[in-house]
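One chain, subunit A, links the two complexes that follow: it is found with subunit B in the first and with subunit C in the second.
== the complex of A and B ==
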């Protein structure tokens, strides 16, 4: 290329784009951030995807087609070693795109085990020059990436906490967008360190009503792409917030990356919880997706502190369905008493249907909580 | 049923679903050598599916619903143990579908009043198969030497079973002939039908006549030779299939389908391929895409039949008939071209 910089695209997953952008830009490539996922893109993705593949495949391939039409030649896609379908994504997507006539190179970011440092090879290969990345530089890139992810996690957490109290609708969303912009613009770790307070201030500035109405506390968890991407889950987080629920995110990309780097001790605890409930069907090993930890979280949260548990997943997701079966049975048998709500998403979106379900769910939770407060 | 003089230690129930269609001879021999009586559930029927759907959630795939039905069927019988294996990987570096990985947990977590579950964890990434069998045998109070001989015997039986299948028999025929004298069984069915079609897919779809609505039988009636994956030589399944430059297939079950189809395509052994898969099956949704593209480039007729509990027999038969007609016409026109 004329400037010597390679243009690299990556899938758009929720609010995590600033972190990936900095990752590739710091490695010496130019990052192309696909626009927010939308219905038109999805329609385009649907045309070329297998019929009953899960939703993230369809959305990510739409991202890629958008990027390729803009002249991008290199795409970075994460990959795993199984057992769920995710590991196949990049290979099949490459086949499809090549059959469509695009000149594309899909590089896979192996995330099976981050301590093998395969990602360093990837960063080297998208650099455009043969000058090697020094170890110091690699660590620095990783540090910025981790810090950004941590800040995004913080912003998402505060977003969920603030929304039910906001006076003017939409102000929290605007605050979140301002935060993401700040995270995106900050380049050094000194700047990023200062951002923590700025983000907290940003959400503190949102005008809040008093606490006279009953605010519910709901956990949103499930498959990572659908849980984090607000187009994929039809903005379920915002909808819950506007119905008066404090939404606590059970998952974030920071959490996931930490897990893949073997330093997520909270997840180890969740694994232990699931394993120790062997007699009633707690999963014994990671079966892909988030099933193992979703079960752990459900057990953990049923010990108190929350009112509802919302589990989102792409329709036909193999691991999450396993978790869903088990949780459904636990709740029906009265082993745990947090009411779960399961939402499977695919391209057939019905806004009103989802809204009705959420309204009914929050009504039920509210009645339950009122009874608890009044003491009968 | 032949009664032995020795007192049996108990009865083990094996549900007739999922990996039953692959490993049942192995399991049966193993448990029988350990002095247990083995009972399989009744053949799949409408009742099985109905019972299964009561316990399984709506979104789960049909093989699992059928499996649930078989488990419920077994609970009704007098069994002391229920055998639910946990197959994690069957070759080095592969995985099974996530639902196999969590199968015992799924069954334990969703059905009440279960008998004691015998869980055999097969994980060839971490431990050899004998080790897993030893663990299972120990739980069933077997001595080391007993388990060892049972293991050897069961592997032998399984190998014989595979050889019989390779000779071109269906699952049921091969299983029945295991009890007979080895010399008299290896007699191939008469072939020579004009059309030869491969029916590929998971064993629990291909070998269960209820789930696939008697497809194999129907093909025979149509004067079509049906080849199933187990009829192909064993050694072709040894290599791992490459999906692309960067990815090797990691699903054990799908590995068989992919390498089998690859073998059929490369050697031009069949006139067409029918892929049986169940609705909601995760891996198959991708495997179907890969085979479709492969078949297109190699110009071999290919059809994917998706089944769930609502599929009508007529619809499937019509599609398969049209497919066979298409192959016949194609053959005829090619014959005319070659002659002319």
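== the complex of A and C ==
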């Protein structure tokens, strides 16, 4: 750590750490990236979390404790004034950590509306110097952040598309790791622009088998943390891929940040879809989590193009459970015919049950598709 | 070991022709089915098992030896496994496919009962409901974290009351008064039963109440408002219990069918899927023969120290020989 720079930590969520790292480093702080989420960390998080809280809370607090033990004093945690309890997480976590005796300050990255530029104040405050960030520099930092998120989204998309065809198991995962490293190392616009091509090449290099078996196309969506973090969702994306599914991510952090900056028109369309199905129970407003858009996605995808819809959420997540009940009803009443699979995640490690569900689900989709292809 | 021979037509069916083997290793029992080229069941056996899946399979194979001719092993053209230990058993016997219980049940049931729309399956530790239409699965559900209302719960209560589980149906039939027992939670159900016993209710009434509680619990916690269309098939070990069947009939208001092969339905499905796979891809089976029961396998486990996940790696090794299977890691470093 160089002299005078403030060390800042942030939650580890899926593959998005290179973007956050650059965000804080470009603002003039030193970034501490917590290690990949793991079982040991979670155990520690469980010890200090309320029993009824959701999985993301438990995992992020584990990240923070790890960072604090390494000497970090400033933590940036996102917050929202949305309708779910996530808005209070940063405050409750700060209290818990202080009670544990840590000298910590949790700064809250308010993401309710990014166009209010409150994030600029946050970046200024972690700089460790009074020298203000120029407007030009701020926009430059934001630009790099956006570009990195976009590249991560691209890599995740290609990962989902490549895995069912890989000849040697695990190669796609390795390609993804290499891409993340490249994204992390690139620092300028020019380098980042060149990366798009390199990422595509990286996945093209993975040796692929022919297309003789039926490959299913499955959407993975749901609560953002659980959907994006492969530890939280027990590698659902990988497992689906290895069972022969092209996994299309219904959600990414890039998508979310764009939405919060009011430039995500696809989300507006999904909102419209949900609203326009009022007569059959479509939500009329954002109730927190991703429920509003998950419904839109389900309607959108039911019009064709996919075989399955996997909805993941942390156990006790009110918004997602609402969406789940609505989708279940739609499917049972025969309004839409894409079979949904709902998976709630918590601290349990019952992998056998998850595998049975995923295998049975892909078998279900495959027989359905075979029947469609054979036309009987 | 307690075993039940459900079917043995091997002698009548002659000494030639291809056979397919299905093995279903569950938490309390091991099921073995052999079907012929026409998908007819020629041999079915159920046995209660308490050891590890490896032991149970080997013991069942050992028992088979008495009822089978030596040449049967050579006529097996494909082997499928199912149940929670399907991958382990697949590695040990050298099976060709390992499929989930859900798909196996569905395949076998729609063969024996064409047009079936709903399959209720209650096993030792698992509950499942499978919804079907035109011979394909449209939806399914499993009990997630709670074992209330499974076979093991009934077993336990039968023990407590000192009544053999097989007699549950007969006892319940003699019930005269409706006794309500909470079915939401195993622990509460038990304290309810103790209470009702102390109040002076007869064993018969309590057992009937218990069976109804189990049926209610299943419909609420597993089916969760799914629409159960008839015809309905009822399978798994608990289907042997006529009181539960009656309770379902009462709750659902329609006929509940229990096929005579209900105990081995999963194994039959596994055999059918193996047959399909072998025929479609012209595979030569990797079955190691029934003599597998004589080989000594040692299951072992260790904690990988590679990263903070500390995955529990389990593997099975032959006494003299190599590692047959290894799994349990998140990263793919150890999987064989």
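Convention: the second predicted complex is superposed on the first by the 374 of 376 C-alpha atoms of A that agree within 3 Å, B and C clash if a C-alpha of one lies under 4 Å from a C-alpha of the other, contacts with A are read in each partner's own complex, and residues count from 1 in each chain.
Please note the rule applied: contacts are C-beta pairs under 8 Å (C-beta built on N, C-alpha and C of every residue); 3 or more make two chains touch, one makes a residue touch a chain.
These numbers were taken from a predicted model, which means no experiment stands behind them.
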item: Superposed partners subunit B and subunit C on subunit A - clash or fit; value: fit
item: Winner by number of subunit A residues touched, once subunit B and subunit C are compared; value: B
item: Subunit B versus subunit C as contact partner of A:164, first or second or both or neither; value: neither
item: Touched partner set for A:50, first subunit B, second subunit C, both or neither; value: first
item: Which of subunit B and subunit C A:319 touches, first, second, both or neither; value: first
item: Superposed model, angle subtended at subunit A by subunit C and subunit B (C-alpha, nearest 10 degrees); value: 80
item: Minimum Cα separation, subunit C to subunit B, after superposition on A (Å); value: 5
item: Contact residues common to both interfaces of subunit A (with subunit B and with subunit C); value: 328, 344
item: Partner subunit A, residues of subunit B touching it in the complex; value: 56-57, 59-60, 86, 88, 94-99, 101-102, 104-110, 112, 243-244, 246-247, 250-251, 279-280, 282-283, 285-286, 288-290, 293
item: Residue numbers on subunit A that touch subunit C, as the complex places them; value: 35-36, 38-41, 169-170, 173, 235, 328, 331-332, 339, 344, 348, 350, 352-353, 356-357, 359-361, 363-364, 367-368, 371
item: Touching residues (chain side subunit C, partner subunit A) in the complex; value: 84, 99-103, 136-140, 142, 144-145, 225-227, 307-311, 330-332, 335
item: Subunit A - residues contacting subunit B, complex; value: 50-54, 79, 81-85, 87-88, 90-92, 94-96, 99, 106, 108, 278-285, 287-289, 291, 315-319, 321-322, 324-326, 328-330, 333, 344
